[in-house]
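Note that subunit A is present in both complexes that follow, paired respectively with subunit B and with subunit C.
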Partner chain A sequence: MALSPFASRSPSLTVASPNSALRLKASAVPRSTGQAVAAKAQSNPERELTEQLNDDVRRKYTKGHFRDDPSSCVAIKKIKVNAEYKDGLTMDAIREVKYLQELSHRNVIALHDVFSSKDQNLNLVLEFLPGGDLEMLIKDGDIHYGVGDVKAWMGMLARGVWFCHENFVLHRDIKPNNLLIAADGEVKLADFGLARSFADPYLNMTHQVITRWYRPPELLFGAKQYSGAVDVWSMGMVFAELLLRVPLLAGMSDLDQISKICEAFGTPTEENWPGVTQLANYVTDKAVPLQGRDFFLRQFPTAGPVGADLLMSMCVLDPRKRATALQVLQHKWWTAEPRPTKNEDLPRKSGTKKMGDDLARRGGDNDDGPFKNAARQLDFGGMK
Partner chain B sequence: MASQDSRGEDEVCPVCKSSRYLNPNMRFLINPECYHKMCESCVDRIFSSGPASCPVAGCRKTLRKNRFRQQTFEDIGVEREVDIRRRVMHILNRREEEFDSKRAYDDFLEQREEIIANLVYRTDVAKTEAQLQAYAQENMQSIKTNQALEEQEATSFHKKILMEQEEARMRQQIAREEYENERREQQATREDFLTRLASGSAADVAAIARDGHKVHLKKSSARRSEEERIRQKQAALRGTEGKRTGTPLAMGETAGATSGAGLIKGLRKIKTPEPEKPYDPFMGLVPGKRDYYTQLESYPYAFLDKLRSDTTVQAGGYDLQEYYSRTLLEAFAGLGCFVQEEVAQREATSALGISNPAATEGAAMAAVGKNAA
Partner chain C sequence: MIEDDIYRTSSQFRLWSYTESSLKNLRTTTNNIASERVRAALRRARERHLSATPSATGTPQPGSDAEEKHIECLTPEEELVLVRYYCEKTVELGDTYRPPLPTNVRATAIQYLRRFYLTNSPMTYHPKSIMACALFVATKTDNYYMSLRSFAEGIPGDTTPDDVIAPEFLLMQGLRFTFDVRHPFRGLEGGVMELSAIAQGQGKPAPHLPQHTPESLKEGILNLAPPPVPVSSITDRIGRAHGATRELLKSAAQMTDAYFLYTPSQIWLAAFLIADRPLAEFYLDTKLGGPIDPTAMETDTSTLHNPLSELRTKLLKVLGDCAALLQSYTPLSSDPDQMKSLKRIAKKLYHCQNPEKVNLKRDTTAPRLMPAGDAGTVTSESETERLAKKRKLEMESKQRGGHDVFGPELVPDRTRH
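Our next item is the complex of A and B:
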């Protein structure tokens, strides 16, 4: 890590605009790994737990704020120590901490700090993103959005992915569910539990990554050496889902997913993808010819011809011919009409659901947070 | 119009020499080109078949029929000045809100009067006209908006006047009705009082009289409070109306575009919104920027030869470019970092009392950049 290539001031990138999130990070967190360990214990009392956000099986999100600034909000993700996992921390926790602390970008969720609590659970202090996720927006029938909105969201997603790739990190779990929305409407790449850095030559990577509907064909065929192209495929699937408002390829199993891909885009063969037959899990059922440009034009008329071209370049079967994240951002669709919607004009999640949330809670439920047995106290922090 | 009649029967058309005595319906018309007066039948006769020159001896102006109109003022000089004034005011219609200061506005008014005077007394006519035309050309937009504003103001003012008149009329009517009611009631109570007196015994006289007086008082006080209520309601109504008519006046401040326009000094600078920058997909970051090296397509390295020929790896999409990029960046990552300079920089900033880590970081980065260059 000492020679970390993903340092935020890597010489490969010049940051033109000072980012407020960045500054917060700089002032609040000792950035180097060595210091972070030392800072864990001290930084613990820096935040006060105020409100429980969300329940997960292994993870618990709590809302907190910096002690010197009660108006600031952070989400604290508590990762429970797994009883069955004897070798220390789980992989996803390590991955999340390892890559998030290095990446600092507007479209990547910010990790402010990490600390461990008394029961040796790991707590990640993350940026608080109250806008829900893209999946909620896609599924909410009351929300209507247009091409400009899709372009804005895709632009933010593509920037986040490109930044990860530029710093040699594969996200490997891109899906609408993991694209969180900040209070100002900015989309942020979250959940780096499956992330890893680009592999060295001859080093095998696992192909059991990425949620199935967003998994590219090379992973379904069991490729062990792959590139950033896997994230681009997922990005293309998200793009298609944003346009159609239903998942494009919703396979029931891995095999079903392969056949769905073949039906939609054509069957991978030696002609269109040299060497594909030698991949470990290569199977085909029937030979569908490769789909041309007119298929995308027909299927995604809302994106327009230029948008369909971009989507097509992201959904090429052969990962070598697929566009890279950089090429995606260099596409002319971004500058074509209509202009991407400004963040403040983007559709938001409707607040009604949130209001009913506490009503759905059963009477017997009680939160077993760290202050379970403590008497409730009035919080005057907000009045400062 | 009255002036024409006052001239009496001896008025004669200078063109056809027919007099009012022979033609009592004769109307005189003038044309703002030369202001020569002639009768309606002459205008019809001479100008019906298109433009023609003025029939008055010595005047060679070409006149058109549609420009002929009736004279408003008896003095033809006044008529002409009013015309000129109207035309100039129409073009130089800047408003006080558009000027930086009262002084600038006053200067503008003076300048306008000067132009009018020039045109009226025929001094420097050609130059002044040219100025005026140039200004009108340049400021077409703002002239139009100001005209629209003026019209709006005029109509809203007219409406306000009408409303006030209506209100006054209503008030009068209400007052009249009130008076009538009171009178009627008074009469009724008196009659009632009298009938009761007539039917009652002599002993009750005092009691009846007191009663009658009380009833009268109660009624009048009730009426008065009712009136008060109505008046308040009307006042409130008037307040909102007043506010509503007030808005178009305030709008004037935002209107008016185009810059200074040579002729008039001291105009307020109008900020035009900056045009939107084209969308930058990278949001300010520069892709693929390397400070110390350029990456080649391929590097001869025996270690990688087996990988290059391995179709399985190739089919999986493993990208050697990514590997090159990463290893090269890692190899060059330490270059350009001069710890001593960074420490010196940090000490310098801490001596200044700046303890902002972001600033130190920025300074360190700047130092690195300088060394790189």
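Our next item is the complex of A and C:
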């Protein structure tokens, strides 16, 4: 079960109502034309909550287009004023708007505009991404893909992450179902509801971020000061999952996640990670020696030796020795054979099949994150 | 991609950077529109008052036209003084919390206020009511989250959580939904770290200046012209310059138009020049090379079109302008003359405050109380809000049709005037 172990995913989240024709009388450039296509409401009482930030946020998605170009497509995400949340606009909405306003890159979902409509609702005009997400592709047994495809997807992910870090933004929730796919096959980093800018040195940040399976050891150990290395670890996990087609480290709890990391890569100790024993939640049960290069070669034969090297550099336990997003981009794997697949040749999700899968997903596997649903909505729209 | 390109994609550059004249024009336009609305609102209030008084109905007051002309509105300059006062108050408010709110949060709140009042007038929305909300929104956007309740408790007086949060959406609209503010603080810290490394002989020479070595840089920093105040060591000197610059960035840089006119790095470098000119110039030289020696120019023609030296000349001009702006600032509270003029402005505002915008809480908690007949005219300066409000009122009047027995009769009545 993919229990999303943190905050802004609330059990009482009701994502849009399955109603019809919500017409926005929007004054801004984009105008809604289509129907409000509903994402299904999810309720998952098993989700752990560490803070209640996002109770009962009602969101609606609408398909729209630019007034001067009816063939264009945008997704309009409506954030309703939350009557339950008394402290004004919620944190995840603020984070999302704040960072997407600043980040403009091919591999980061574009926020075209924000406008207000009646009753003080906030409407985000987002890039239309009808291609689903990487998780759908990974899970779809009918889709076959090779290392060239993985290289293309990882390349796009790495460029998006590098750009965020270059702008001093930590994403803090990288996982396959936050990596959306555009109509032309381009991968876009989405869901900035947990993003924040780098803290100044010595200032604390919360360690309760990143979905558990993709969470690096320093956060599991409760580090309050961390860097872009947290996102690089998540990228490494996505890389491994793309190769294996199952999550590499699917811990059942935070403790289980730590032991899975130890089993896979070795136990963090003062020798391989100076200072690790000083972290607040440092625990180990058994001492597993640090895994060497041969482990990665054995475990990920499809990546080839150079690819295994790259993956290994992203999965270094000590965040200070882990590769940075820039170092990832500079790795020689990208220029080694095989070349990354061209976007137009990348495997796509198949429409009808995909939609069924989507509905059959277990609640726990689902992310209720905003863009996730935006993307799903687009599937439904295509089916009409 | 260079840093400048990245900065140009920021909302601070795209939406919140101006030239001196465009800034002035924008403020004048805002002031004009707001003044007209204030006059119109006061006229409507008087008409309502007259029609409510039986003796006055049907007999137009001969003096009313003259009276209307006497509504004296604030000038753009007066508005600016008022906003600045509340920016200074924001710093004080941040100090009342235990622990005090971080500098970044306060600076963000101040810039929110300054941005908001580019397109909104204090005559429409009193800064007193916007100030607390701006500070609260800044705690949310700058990762210093506290609950609204504990935030409101920290405000002296009897401000309720509802008072704080009421103008939130309005404020966010005024900010055009951009929450990111690029401050000069981080750049200063980086520069100070570089200088400290140089002083310890660990400086990293710029790759385009091969003549520099860690040793030559260290020698250079140790042999600078003396600082404005005597110091015991180079570490002491850097520390003092750091502190003095930071103070300028916390005060003058916040209270003037610096953020609208200059980039964060221009602002901190200008403040650094004020704090310790020789040290700041040395720092620039480590990046741009020193000034061109006129004798060398005769012998070596290549230096004639040295792009770095052209850049240096241009940059020093900009930094000089920015430094002059920062130095023009004196805190209102420390200057009796300014305080006197502020009191006059506050008094004047009392008479030209838009009466229809006084209770902001109506907008969120009880919007139905808004008189629908004023829908077309009573709006803020921002076009989006105008349209949003219009839609809201249309919807309300529709809803009211069935529910509120007092609503429907009054509305057509009032529009007839």
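As a working rule, the second predicted complex is superposed on the first by the 294 of 384 C-alpha atoms of A that agree within 3 Å, B and C clash if a C-alpha of one lies under 4 Å from a C-alpha of the other, contacts with A are read in each partner's own complex, and residues count from 1 in each chain.
Quick note on the criterion: contacts are C-beta pairs under 8 Å (C-beta built on N, C-alpha and C of every residue); 3 or more make two chains touch, one makes a residue touch a chain.
From a predicted model like this one, the values you see are computed outputs, not experimental measurements.
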| item | value |
| --- | --- |
| First (subunit B), second (subunit C), both or neither touched by A:I94 | second |
| Touched partner set for A:S104, first subunit B, second subunit C, both or neither | second |
| Touching partner for A:R215 - first (subunit B), second (subunit C), both, neither | neither |
| Contacts of A:E166 with subunit B and subunit C, given as first, second, both or neither | both |
| Dominant contact partner of subunit A by residue count, subunit C or subunit B | B |
| Touching partner for A:K260 - first (subunit B), second (subunit C), both, neither | neither |
| Touched partner set for A:D200, first subunit B, second subunit C, both or neither | both |
| Touched partner set for A:K175, first subunit B, second subunit C, both or neither | neither |
| Partner chain(s) touched by A:K78 [first = subunit B, second = subunit C, both, neither] | neither |
| Doubly contacted residues of subunit A, that is, touched by subunit B and again by subunit C | 27, 166, 197, 199-200 |
| Partner subunit A, residues of subunit B touching it in the complex | 276, 278-279, 281-292, 303-304, 307, 311-320, 322-323, 325-326, 329-330, 332-334, 336, 356-358, 361, 365, 368, 372 |
| Subunit C contact footprint on subunit A (complex, rising order) | 25, 27-28, 81, 86-89, 91, 94, 97-99, 101-104, 114-120, 122, 166-167, 196-197, 199-200, 205 |
| Residue ranges of subunit A touching subunit B (in the complex, touch as defined) | 3-5, 7, 9-17, 22-23, 26-27, 106, 155, 158-159, 162-163, 165-166, 168, 197-202, 218, 223-230, 273-276, 278-279, 318-320, 322, 326, 329-331, 334-335, 339-340 |
| Interface residues, subunit C side, partner subunit A - complex | 1, 6, 9-11, 104, 136-137, 140-141, 143, 145, 147-148, 161, 165, 168-169, 172-173, 176-180, 186, 189, 364, 383-385, 387-388, 391-392, 395 |
